[in-house]
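One chain, subunit A, appears in both complexes that follow, with subunit B as partner in the first and subunit C in the second.
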Partner chain A sequence: MMKQETTQKPMAEQDFSLNLEDLRPRPKEKKHLSEYFMPRRHSFIIFHPDRCTGCGACEMICSTRNVEKVAPVSASVKVVRDQKEGKNFSILCQHCRKPLCLPACPTRAIEKGDDGIVRIDKLFCTECGLCTMACPAAAPIKDPGSQEIHKCDLCEGDPLCVKHCPENALTFTRGKAVRWIKGLRWTSQLISFLLLVMVFVGTFCYFRTGSVSFACPTGTLQNIASSGTIVLVGVSSALALLILTVLAGRLFCGWVCPFGFVLDVVDKITPRKIGWPSFLKSRMTKYGVLAGAVGGSYALGFQVFCTVCPIGTLCRSYGVQSFFRSAELAIVPVLASLEIAQRRSWCRYFCPVGAVLGLTALLRMIKIVIGAKKCKKFSCIQCAEVCPVGIIDADKLREGLSPKIPMTECIMCMRCVDRCPYSAAKIRFRWQRATPGEGRI
Partner chain B sequence: MKNTKDKIDEAKRASGADSCVECGRCVAVCPMAEMYANFSIEMSPRGIIKKTLMGDPVVEDKNIWYCTECNAGTDTCPQGVSCRDLIRKLREAAVDENLLENAKTCKCCGRAFVAIPVEDFVFARLKDEPANVFGVLDICPPCRREIYLLRNA
Partner chain C sequence: MNPLQPFYNMKIGIVDLSASNAEVVPLTEEQLGRYLGGAALNAAVHAQHQADSLIFGTGPLTGSFAPASPLMIATFTSSIFKRVCHVPLMLRTGPDMKFSGVDFLVVKGTAPEPSVVHVDHGKIRILPAPPILNMPVPEAIRELKKTSPPFQSLIITGPAADRGSSSASVSIGTNGSLDKAGLATLMAAKSLKGIMLGGTDGLPFNKDNPAQGKELEKIISTDKNFKRRGFYAVLKNLEGGKDAVKSLKAERKKDMACYHCPSPCMTHVIFSWHDPGNSEMKNSEEGLLLLDHTGYAALAKKAGKNTLPLLRACLHCGLDPTAVAEMLPQGETLPDYLNAIDKIVSDNATRTQDVSQRQGIFGGGVPPIGTDDLFEKRVALAMVLGVCPIFLLRFPQITDAALLSFISTREEDLKALQERLSSAVASL
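Now for the complex of A and B:
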């Protein structure tokens, strides 16, 4: 095939250039079927700065593996000492999920194996040092003597530095085993969906058994605005959800809301997002929708938003209903289709129920913290990826700082807490510090 | 104070460039062919060695700044010419002559640690990564480790 083409072209137009892609094509990423259900847990070394004394035993033992003599300069772990404050830190390869050294290597000597270990192939390595340039922590270390690049390969699963650290400042783990919050949340969402939508028809908006009554807070606000009278029973029943929000944040949105469950299911079906135009990306829109709903109710004399509310529509419309009731249900697929643009885009930008809960969450008692000390920063950033409302600042994490999580926007789905392999994302009381010795976030 | 000619002579002596036989093996293994689209004989180690031996003005040449100072050419040379050492010495001579427009200096310590064309290559390769990563490329690796320590410990 190639021969025919070259014979047809004149000599000057022939393209003889062969690049690295032709000689050594990069292996395609394969995802095993089981990884969709349970992501692989790659092993890694955790460093505890509070335990490190800076003795340099890790450097010495590492160099015996690299150059077969004790020479700390040629180790692939580097202990950096801050003389002013007396702090020690050992820099070692974090085996990033998306390594930056990998695209920077001009000879493609660096590869990430199926076991998650990023290795340098000594055969192809030309010791140019561009991986050190690209790494945010400068973890691949150039040996000043032999000019070779040394990078941690976890000693192929049995790290020497971990064994020889006298203070156990380095630990070798595989991360959390069970992600039990995930199952709990899906179960809670499914049960509340079945209960609210199919068993108790119309329950979310208002229901009453005996002396116990419950009402939607947004509906109550519109009711007050439209009728001009305050019914104490209605207000007190609306308080139930607000008290839950004060105690546990917007737990309703992530764990109970039936429309949120629909959105999560639609999100599973459409994993690829097309993005949202930036002029609509304002989280304040939902407060505007809330103000519009209350003002409209006052002007028109009936509860305006409740006629199109996706949560209420879902709750009211199950079973054999009148034609109008069933036609109401059309709002649900329309709003659920917003999920193609961004995850939970309705909850992020428009939902007035979430707006009321968000305002209540200003009085919250708990918060979610991502402690930068335990966090592995640029090498992981899974929390920002799994966050359905996108409030975790990935750039802050890449810089190595703790991101501030706005609890008015957080829907308390606890995906970040569940996913974090280093248990850096945690639930804390509002007045607590994240970890001992760490500043208030 | 040595003048530039003496420095070039010293570079020739230290790297053994005099014994170059122009076999072109260093050009065959040079990773710059993969890195730069405009890779040419002037840019290749063979071209630079030839220019140095012929006594052409090599210190002012931009081509000495494309090298990543890798060890591939030195490893493969049958005559033991270290083109890395040659280019390092030439760059030192260029820095002494204040030809600094192609050398990137560290934001923290002010040391010249990477050449601008090499940095441009890394920039181009990390183009798809989030823009925040580019902040670390202004800092030399030892300073970067110090900053990483201060942030994390």
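Now for the complex of A and C:
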């Protein structure tokens, strides 16, 4: 009988080592279609430093869950008492949208569940403590006794610390369920576009019925400059948009402007941006354009900017006859192409209508604040990501500061309000207290 | 099983400073059975050792889910009251002592050189103190943090005690304490600069305790005293307290609580002040945790609007504000007062403090709330069980039975515990 030949290596030479991927494959980041309409609820605990008396009840009860005894050092929540300032702070896992502890863990013992809760799997944890160093909030805590890593898991949706705090300094929230502002804004923009461009053609620039009239404020300024006379009816016609801006900020830009709608649609088509060179990124440029438009109108005796205004062009170019007559409509795709560089580039840097509304917004009655208590700052930064005009300072958030929002630049799209999973971004009257808003908590 | 067992580590630490030796001995069930713990057991342990020994102890409820359970009791023969006194030490000292693995700490003898005692994981170490003698308390703590093993709570003496002043008072961290009976002076006489508590362990207590604690909180939440919280609320009810409150009104404040206390009686204030002795210094903001009601009232009576800077100076020097107030002249300027405090520290001035005997037994710092009879009973109860005496004085509706139910809810246990508690309280 022939001896059967084998290609198998001797046992000693075989590689039996397992990769981490074999043991615990890294979960792929995927977003279900349903999440676009009904985003995940983001559960978390809010700490109110002004209510906390530093009694440590939260540490006590938390430790009973972690180690089945009262041992404050083994708690997942820590109360830090600032003796000089008389302030108490809590160190608590914020269950970040993109947790930094997760990639830092060499054994992939940390994972973020579908419920948004970041958990440590004790089976895989080697107590190396890298997560404690990676977390900007220092939330994973190494037990000085057992060396175990403790981290808040929100008691699986029913946090004990919240129930036991005698001062209600900790409150639990499941976050927002529906982003309804987004849908409302898109609907408003679409209806405004259809009405201004297709139904009431040309009415944005000037419109009059009976004693009621409406006029574009930038056009009115140019009219005054070119004609050299102030017509009271013209000025009062321009007031409507200015009054709206005083009452509600630059709501027109975010919710009504037909060209803004075009830009938003183009933005959806071109999600990747090439960016502007830094020397072109000056928001003051639009005020220069406005001054140029008014000065040019004065010098040339006609409304210079109106001939190329993308909003006006859109509003008066609908219809077969108008379309073929209006070569000026070419300005729309030209300016819309700026969207490849940055979102709402035209609105940020060049739009003189926005400049007039921005100046009027100095008298605004409302503002958007980002509440320092609720804002999770470096662990979220979603408001800065979604802001189409880039006025929310992500660097400040990374530094742990709540940014101040310049309302002269804000187009009141309310994307930040809508997106914030912690309900930290809010609309407030101007005279209401700025904080919780700006500055370090 | 003894119902008290989950409430204790069942360990007594014995520190012999003369021999630089420390050991941990078991706490017997017989001792617990007879005295329950706290000041009663402290007194019994004190009687077993030399007259100059110093006992730090905790009650059964110290560190537990019973409301306001921060108490550590220091028992010693007071050079001021000439009798055995029990000084309540609050904030987090009691729980941290238990979580360091010992329930009672006996300090005997005198150290050959200034020393600190570090307790953690049931182990006691006697360490030479870093060069912090005559250093203001905050600086000494900073130095200790640099050179010593980590700790959660610290009981420390200041420069006044280092110079042998009878007006010295121990400080819990930088916050001062209710010691008006000479605990700091005794510690200094033993060359014991401080006691550091690591607090890295824990105790199981009873599983039902969290719910019971919440129930008790609900009961007191309807009381008018529950809403009248903070340092002011207690200060107002003291003799001359209303005038003392006036000197506090302009300051920024925040109420603070000791360990697991639902009704804070301390307030952190921030005040701006200018040190007259330092011409380069501009107005600076200073933060103080006000916890000594009687001390503040006494100081305010003399110093009026200068009270807060003077209190700051007292805390930095480790002085008892009540004793300082007795020695200060009336109606001087702030620089004169500060010079007088320096003199008290350096000259070792004789103390002429006037504290009634009923307060003196309990260290002299517990604010006299209620009638004499009620005061003694409630404070003694608190001192045995390890609950804050100010809390029990403010909320008389919390009965001893309600507190004992944290230890056991079985009727026969409760009956036995009640008997033991009554005799322990009477022994004080």
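As a convention for this text, the second predicted complex is superposed on the first by the 387 of 441 C-alpha atoms of A that agree within 3 Å, B and C clash if a C-alpha of one lies under 4 Å from a C-alpha of the other, contacts with A are read in each partner's own complex, and residues count from 1 in each chain.
One rule holds for everything that comes next: a residue touches a chain if its C-beta (ideal position, glycine included) is under 8 Å from a C-beta of that chain, and two chains touch if they have at least 3 such contacts.
Computed from a predicted structure; not experimentally measured.
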| item | value |
| --- | --- |
| Subunit C versus subunit B on the shared subunit A, clash or fit after superposition | fit |
| Which superposed partner A:408 touches (first subunit B, second subunit C, both, neither) | neither |
| Partner chain in contact with A:87 - subunit B first, subunit C second, else both or neither | both |
| Subunit B, subunit C and vertex subunit A (Cα centres) - angle in steps of 10° | 50 |
| Touched partner set for A:166, first subunit B, second subunit C, both or neither | second |
| Residue contacts on subunit A - larger count, subunit B or subunit C | B |
| Touching partner for A:399 - first (subunit B), second (subunit C), both, neither | first |
| Touching partner for A:147 - first (subunit B), second (subunit C), both, neither | first |
| Which superposed partner A:76 touches (first subunit B, second subunit C, both, neither) | neither |
| First, second, both or neither for A:53, with subunit B first and subunit C second | second |
| Partner chain(s) touched by A:133 [first = subunit B, second = subunit C, both, neither] | first |
| Overlay on shared chain A, then closest C-alpha pair between subunit B and subunit C (Å) | 7 |
| Intersection of the subunit A residues that touch subunit B with those that touch subunit C | 81, 87-88 |
| For the subunit B and subunit A complex, residues of the former touching the latter | 29, 31-32, 34-35, 68-72, 75, 114, 118-119, 121-122, 125-126, 128-130, 132-133, 135-137, 141-142, 144-146, 148-153 |
| Residue numbers on subunit C that touch subunit A, as the complex places them | 63-65, 92, 95, 99, 121, 150, 152, 173-175, 199-205, 210, 214, 217, 253-262, 264, 268-270, 286-287, 289 |
| Contact footprint of subunit B on subunit A as seen in their complex | 19-20, 49, 78, 80-82, 87-89, 91, 98, 100, 103-104, 106-107, 126-130, 132-134, 136-138, 147, 372-373, 378, 394-395, 398-401 |
| Sites on subunit A touched by subunit C in the complex | 50, 53-57, 60-61, 63-64, 67-74, 81, 83-88, 144-145, 164, 166 |
